[in-house]
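Look for chain A in each of the two complexes below; its partner is chain B in the first and chain C in the second.
After this line comes the complex of A and B, so read on.
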């Protein structure tokens, strides 16, 4: 085994994939943790944004503009997703499944199965590359920048009155209503933001991998959820700020683990999905266990772990 | 708690890093990436490895092969492509998306690693190469089947006027073949029922729907999704006496009736020959991308014995011995 190649692979692949999926996780966090719905449309929206962005670039639109258009379309999808629930009273999970199925059609029609960045057309990463002349560095710089900007923006927004009212209506709908919050409005706004972020990640992913197939989003929501849980296990975050930070770190660690799994020589890749499933079960059960421990945890009645910790400290 | 977990995680990383055996040698690294595991793609992979072996490149002796299957997961496929691009001296992508992922990963790693491909129906249309002679560091074999020849098979059976096509809408390979199929049907005066699906759980209902519309024949293009579920359709096809023409051998054997088919093992061997030429130092630009050229007629006898239909005499002479 060539160690420098292994390290080069892990340190280029894990951060790039991890940072993009951290943005996916941020989107899923808004719907799953703040609005309390599992948004299945992510699986179709992720490739949708990538396909739209790549097709636009192929048609001559500058890479950055194509990114904006993809995000705008994603936000419209988010609005439809929320409207199905708010106005047609469809169960939110079902509404997102309907959107997921519906989006498959534009994905197939626009991509004709598979869309590739044409020769001579530049992705946003290639444009930045003209500054650095190093593809890996340009990818990392750009992605870190995107993650920073959007994580800080989300943190700021959910501290404003409007953001707080979204959080409140997700936590307790009736209580929020009693306090004069229009929960329909907050739900729609939350979904628009969530799907906008997922589209941003999808468009970036398409531009980074330079190709996207119509069914290339299968399992995106699962990765997003895995990152959220992974982040919580590692940080046991109580504050909003830490929760967000844990997503970014969780994304990196998730891909680090995937990369290590696929880097093991003689690993039969037929076992990949089972390995991932076992890993997910482990993470979520640790998370649940921790929650249980945390509720029992107080000063008068220290848990086993707490006692152990004190012993170690002493 | 926090600390113990962190230590556990660190330990996990350390342990898994240890398990990577450390040895640097001068074996040639060959990386194979396929989008999923099924008979047709495995055939191409095994044919490739067999051809290398025949020409003196034996696994473990002078080459090391890393086999990867992404099981349909795009993000994993891209990670595997990045891995192979950084560590291999030659990479081989089986299927359109795997070949594209490898192409992109190799160019992003700023390398000139030769990329071989197989089981790609339309490499030019998919943006993999510019033309069969102008192809940069990419070369390989296409699995475009003889669609019109296959559709003409239906005319040999009496009473078939309406046929269906079963394919995955998200596969560019299948989209190309669906268009060819439509054209062939128009030329021959057959009615085509579109049975496009988006996931494997829709295949069965799509087939039932088409049978409900009265199809007597079914065309199965070289499609990864359908190929992986062919076995499950066998009973229904026999029960309803649907003459099924498949464009790949594995599908015909598993549940089809007959078909001029792409032999993926042969395709893999042809690609293997290209790999050998590259490994022996030949310039990649002097190799021409090839299309498959020989299509044996595969016949599944089981279908005829079970349904009581008989093989038209005109075809019996074409039968592969």
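After this line comes the complex of A and C, so read on.
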């Protein structure tokens, strides 16, 4: 066994993937947990942002600016996604599927199937790397910085009056309206932010891997959701702050597990998507089971574990 | 003063028939009124409340708050004027966020929501005082999730939320119907105290005729979308539950005689 390769993957490859997908999970958290919608458009929005960003760099746009443009376009996609539901009354899940399908077209046209960072063009990671004199972990440091900034920003925003009103709308429509919250507006705003975050992750992922194919985003939503549930299972978050923290750590753990599976010598990577789906099913099942056991968590209705403990004591 | 002028509300049923739920209904609610509203199932009580709140738009007629026509305003647009408590304790509060966050949302009812931090220190103190006035021991549990409270406790907090910013009108839609008898009594007393202490104007639907007679200074009977009786405080004091039943029956008989 090549130990240096193993160490490299544990300390750089898995964490970089984990950090980028923690941002995906953060975006999906906003739609799935706060707005109560499974946003399928993530699957084509993630590659869309990566393809746009790489194509812009190839066309001579600075890496950071390409990142901003990709995020801005992603936010517009988020607006369209929300508008389909709010103004045309299309079921939110269907609206996101419509956007997912629609985005395949620009993805194929812009990337012509595949887009690769041209020789001599620099990604944001390469620029930062040269800025810090080729420090080994500069890629990781940059990603940690991104994750830190955006997680703190999301935590702050959803603690403000406006952010709290978005959380209220997703949880309880009648309460939100009774308190004067325009739930259409909050839905649109939440969707814009969610898709903006997913786009940021997509653009970062594209620049990091220097390559994106038009169908390179398949299963992104599954990863995002799996990370959310993994975080819930591990931390059973009691507060908003902990929920967010569990996403970041959940992202890291998720990729560590997936990468370990990939590294198994006899593992056929054609089975990767099936593996991810099975893993997600497993995580969600554990989550539901835990929730069921916790619902009776008070004095009159002790949990199963509590009853077991009492029985053992008796 | 709140005026309902010639309100009609029609619903189209599944088989394309028109169901007239409110029929040319007019009502003036004076400042300081505490009206109890009674009527059988399907008499239009909830429709009336939802029309005042803006959750339903009347087919015809006008809703006027202090000379301002709010008929075209949606419920969230006129929420600044109205405090609401629903029948289901889960409707008025959010279980998944803390008690203090729920209160913070209610504090900005009908106002612009900005990028200021929602849980400001000076407000937390205020929430604490309000919660301790409920005598439910909730002042020490502000950081707990709303879902950890019982139905009665949640309804008490909803009442607090509906009145945290003084509403022009407090709408109570059978807000004790889902509670056990003990909690129900407690919440009704709390309602009465809050209304008196803050001299609020309120409209309360109740299915309990005794409560309808005991509370408030005005009693309105609704039957088949029309107001069939509007008793003042003095008249109300001389009424019994039997009188109310009789009145409902009388009306049914005269109406069926007409047809």
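The rule is simple: the second predicted complex is superposed on the first by the 284 of 314 C-alpha atoms of A that agree within 3 Å, B and C clash if a C-alpha of one lies under 4 Å from a C-alpha of the other, contacts with A are read in each partner's own complex, and residues count from 1 in each chain.
Please note the rule applied: a contact is a pair of C-beta atoms (placed from the backbone, for glycine too) under 8 Å apart; a residue touches a chain by one contact, two chains touch by 3 or more.
No experiment lies behind these values; they were computed from the predicted model shown.
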{"item": "Partner chain in contact with A:265 - chain B first, chain C second, else both or neither", "value": "first"}
{"item": "More chain A residues in contact [chain B versus chain C]", "value": "B"}
{"item": "Touched partner set for A:216, first chain B, second chain C, both or neither", "value": "first"}
{"item": "First, second, both or neither for A:181, with chain B first and chain C second", "value": "second"}
{"item": "Which of chain B and chain C A:159 touches, first, second, both or neither", "value": "second"}
{"item": "On chain A, the residue positions that both chain B and chain C contact, one per complex", "value": "none"}
{"item": "Contact footprint of chain A on chain B as seen in their complex", "value": "1-6, 9, 13, 16-17, 19-24, 29, 37, 66-76, 78-80, 82-83, 86-87, 96-97, 100-101, 104, 108-110, 126-128, 130, 168-175, 198-199"}
{"item": "Chain B contact footprint on chain A (complex, rising order)", "value": "1-3, 5-6, 8-9, 12-13, 17, 21, 47, 104, 107-108, 111-114, 116-119, 135-136, 139, 205, 209-220, 223, 233-236, 253, 255-256, 258-265, 269-270, 272-273, 286, 290, 293, 305, 309"}
{"item": "Touch list for chain C against partner chain A, complex", "value": "53, 55, 74-77, 79-80, 82, 84, 86, 90-98, 101, 104-106, 108-111, 113-119, 145, 161-162"}
{"item": "Chain A - residues contacting chain C, complex", "value": "157, 159-165, 167-168, 171-172, 174-183, 238-240"}
